[in-house]
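The first chain written gets the first letter, and so on, giving A, B, C and D; residue counts start at 1 in each chain.
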Amino acid sequence: MKKIINNPDNVVEEMLNGMTASHPQYLTRLEGFDSVIRTNKKADKVALVSGGGSGHEPSHGGYVGRGMLDAAVAGPVFTSPTPDQVYEAIKAVDAGKGVLLVIKNYSGDVMNFEMAAEMAAADGIDVEKVITNDDVAVENSTWTIGRRGIAGTILVHKIAGAKAESGAVLADVKRIAEKVIANERSMGMALSPCTVPAAGKPSFTLAENEIEIGMGIHGEPGTHREAIRTADEITQQLVDKILAEKIYNSGDEVAVLINGLGATPLMELYVVSNKVQAVLQEKGLHMVKTYVGNYMTSLEMAGYSVTLLKLDDELKELLLAPADTPAFVQY
Amino acid sequence: MTGKDAVKIVGQAVIEKKMFLTDLDQAIGDGDHGINMARGFESVLQKTEVLPDDTDISSILKTVGMGLISSVGGASGPLYGTAFLRAAGPCKDKTNIDANTAKAMLDAAIKGIQDRGKAQKGEKTMLDALIPASEAFAEGIKADKTLLECLSSAVQAAQDGVEYTKTIIATKGRASYLAERSIGHQDPGATSATIMLTALYNYIK
Amino acid sequence: MKKIINNPDNVVEEMLNGMTASHPQYLTRLEGFDSVIRTNKKADKVALVSGGGSGHEPSHGGYVGRGMLDAAVAGPVFTSPTPDQVYEAIKAVDAGKGVLLVIKNYSGDVMNFEMAAEMAAADGIDVEKVITNDDVAVENSTWTIGRRGIAGTILVHKIAGAKAESGAVLADVKRIAEKVIANERSMGMALSPCTVPAAGKPSFTLAENEIEIGMGIHGEPGTHREAIRTADEITQQLVDKILAEKIYNSGDEVAVLINGLGATPLMELYVVSNKVQAVLQEKGLHMVKTYVGNYMTSLEMAGYSVTLLKLDDELKELLLAPADTPAFVQY
Amino acid sequence: MTGKDAVKIVGQAVIEKKMFLTDLDQAIGDGDHGINMARGFESVLQKTEVLPDDTDISSILKTVGMGLISSVGGASGPLYGTAFLRAAGPCKDKTNIDANTAKAMLDAAIKGIQDRGKAQKGEKTMLDALIPASEAFAEGIKADKTLLECLSSAVQAAQDGVEYTKTIIATKGRASYLAERSIGHQDPGATSATIMLTALYNYIK
């Protein structure tokens, strides 16, 4: 394991301190807890709280700021934070208008955040939750825990964040978040594994010509392996899987997120985006906005995911609304 | 022989198996189960350490449960945390634990895990060690066995349960994303549950 | 070589198309040439043109937009673009107020851009150039070609771009750019090499416990190798080398850029930033603004550089001025 | 034997050595020299291909020079491009090239490289092949040798020059960043220059 760290046990602590020291205008450490909260929080708005295991940076601390999150709770690498951590963050940012938890669909995240919600509710705080589950690699059948939440989570932060910033009530912010979740799907792949610092060795190994299709964001194996092919072929395969969900129709306006998993050169992400744009155009979709970059990473994993969000007027306006956070700034 | 000591033995057994459990989780999960459980029990043992030696078992279990919940994270944190909290119920105000009480504690723990995680037997989780353990325990009681004998067959059943998890597809937890590819691998949580039961048995023995 | 590409020969072409297709609001391809130019260019301002070899994305196309560059010329991977490419970009964005070329100090870049400047000057276009040379790994002695230009180049884009946007004349924009160059220094390191697609194999190899100190941004070897140490120790070493330049004094206001080389998890960059902030604070410096992320990359190289820019009131105001480009947005 | 053919032979020799030159550049540069030169000559050969067979050498050299400038990039593009453009000067309006003209062309090329790149002999660049080649050529002329004989000793001197680059520190180009670490490696540009001279010699021979 070759990493620029001091000690696997301190990596989250030092990262959080580095984030707040680097961006004091945006972020403040919640004293004594593994959360960053918005430095100049607007009073009198619904608060958005997200988080999960660390190792997905800039998720989620990078999205704390105007028009997105109010707090991000950071667990150990790839491990959901504990209920008390989430509970403290909820209490810290609730401004009396209630709190929406944005949870990625993993058993651990859901259970820990739910316990926190119960604790906060017992204090009389109005807490609602939404669970993102954009990853179509994983079937949403009744006998599994359903699709995973991956990069699409960022679009929930963006759009629900804009709604909250506009002064909407909790029920309305939740409705918008759920609308995003209902209208977005993602699919990813990996070229190489990643190494959890405390584990000290890669999560899996791939042969020189092998890629993992349906990769999640925790170094957990994907749905299957295959021989590497061209960027266009792989991308077509991912987009086809998304389009097979049949929620995108010719004439629809969509937002696209080409997400790097951490070690993918931006050059390659743009080669991918070039293909994605062509495929979607051919399907008659209108790309209102495309994001390309490392939004939801998996440490130093190489690979990418594609996320497609179908927009209506309401979602479009909120997507394009301004945001100002360390990792997501938009006029 | 105190509750405090028992927890120490159990916790140390888990901590010792940190890398083994992590390796199991790398194969079909995200490679942190051992790290999570070790972090949890290190924190818990610090908390139980300072308790008076004669602290009653129920209180100790509550400390363990709360401690795990606030230090493990992931899926196993709420599950094991709830399990220990619930196990504290049946032994409340008991100074001596007989086979029936032990069985009730195990069942309360299982119920807690199911309340939180909504899993059944056969989904390739910690329940595939714990439910067979409870069933074996019940048979022991029916056959008028001692607590130690019951626990012995529970451990055996849990170990068999771990073996069984190798043969099935996961439908709960991260391993469920793998579908068929989870076959051939034993479940990390079933393994940690069995490590705990085994340590407890060895301690009492 | 494992890359998400179609064909090493087309990678720049497809990347440029991907960039413009993804960000049409910002970027337009200069028809027939390997440049992206600003979509809604403000008329009547000094134009900024930069560029160089590809493989440094988001440099430089990602910085084309309001308050930064007007055109970015993309050469083959790690190879300076040819004079005719630069010449066409100059012609395309000149608005009659002249053009400033921002060139990184490499023989190839300097020669090709200078030839282009000569061609444009022959057409009567007012062309000036500045050469960035922030990398203190390389001695600036008379018998070498001087220090290299690396991540500090972005701060030149930012600050000179803001000056140009304000309507300043060419001489003034050039003066500001030179002031940034005079007041900034960088130093980098690498954990792993990168592979130029057309070369097909890594630029060098490092043992499992080895790092390269004084790494540039082209996979060229650094100044020396050593055994890996902690993030704090490595960072201290890099910052010490920068501070040894003796241009930063207690009480100074500075901007900091922690730049990832492509495959470094943001988590690690924040661990680094945590240390950088501590070291600088101890030296009595005031961090006005810190940027952390992949600004000037070297394909999928793992590693980072630290850049320090000493600010005066003029530089500070321009640094904090708004910018709106695909890879750099600031209110 | 036409100028067009000569360029073709020289260009093909460079293209053939693409990976070799790239490997040399990986050791002390950024690993693109062969890629750059091959891309350049592929583009140039397309341009010269369509010229009439009897195009004069000066015009062909201009096409090569412009072609390299607009397709190679990096340091070697402007340098070799300028070299070919300048070499076109002394042979202007000449139908037959004698040793003196050839020497003048080589010197014009060297002067062009120095005007652009400001390098001297001994800085570990292409000049460490070309300047010794010119010197050997001059001695050949002094000794009344034929063009072919002069070229032969020029090639030998260029090859020795490449060997010499292994022993010195680079002070121009990317390899200069390496300081002492550049010792032991031959310069890619000196190598490509020698490949061109050698191909030319073999063609004329």
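Everything that follows uses one rule, which is that a contact is a pair of C-beta atoms (placed from the backbone, for glycine too) under 8 Å apart; a residue touches a chain by one contact, two chains touch by 3 or more.
Fair warning: this is a prediction, and the values are worked out from it, not measured in the lab.
Asks: For chain B and chain C, which third chains touch each of them?
Replies: A
Asks: Averaging each chain's C-alpha atoms to get its centre, pick out the one most distant from chain C.
Replies: Chain centre farthest from chain C's centre: B.
Asks: Can you compute the centre-to-centre distance for chain A and chain D, using the mean CA position of each chain? Integer Å is fine.
Replies: One centre to the other, that is 54 Å.
Asks: List the centre-to-centre spacing of chain A and chain B in whole Å, with centres computed as mean CA coordinates.
Replies: 32
Asks: Could you please state the distance in Å, as a whole number, between where the Cα atoms of chain B are centred and where those of chain D are centred?
Replies: Chain centroid spacing, chain B to chain D, equals 75 Å.
Asks: Any chance you could list the residues of chain A touching two or more other chains?
Replies: 77
Asks: Where in chain D do residues touch two or more of the other chains?
Replies: Nothing qualifies.
Asks: Draw the chains as dots and join the ones that touch; what shape do you get: line, ring, star, complete or other?
Replies: Drawn as a graph, the chains make an open path, so a line.
Asks: Of all possible chain pairs, which ones touch?
Replies: A-B, A-C, C-D
Asks: Under the stated contact criterion, what part of chain B meets chain A in this complex?
Replies: 22, 26, 28-32, 35-36, 39, 69-79, 116-117, 171-174, 176-179, 181
Asks: Within their complex, state which residues of chain C touch chain A.
Replies: 2-7, 11, 14-19, 21-23, 54-55, 57-58, 62, 77, 191-192, 208-209, 211, 228, 230-232, 234, 256, 258, 262-275, 277-278, 287, 290, 292-294, 297, 299-300, 302-304, 324, 326-327, 329-331
Asks: Where on chain C is chain D touching in the complex?
Replies: Spelled out, the residues of chain C in touch with chain D are 53, 75-85, 106-108, 111-112, 115, 137-139, 143-145, 148, 196, 198-199, 201, 203-204, 216, 218-221, 223-224.
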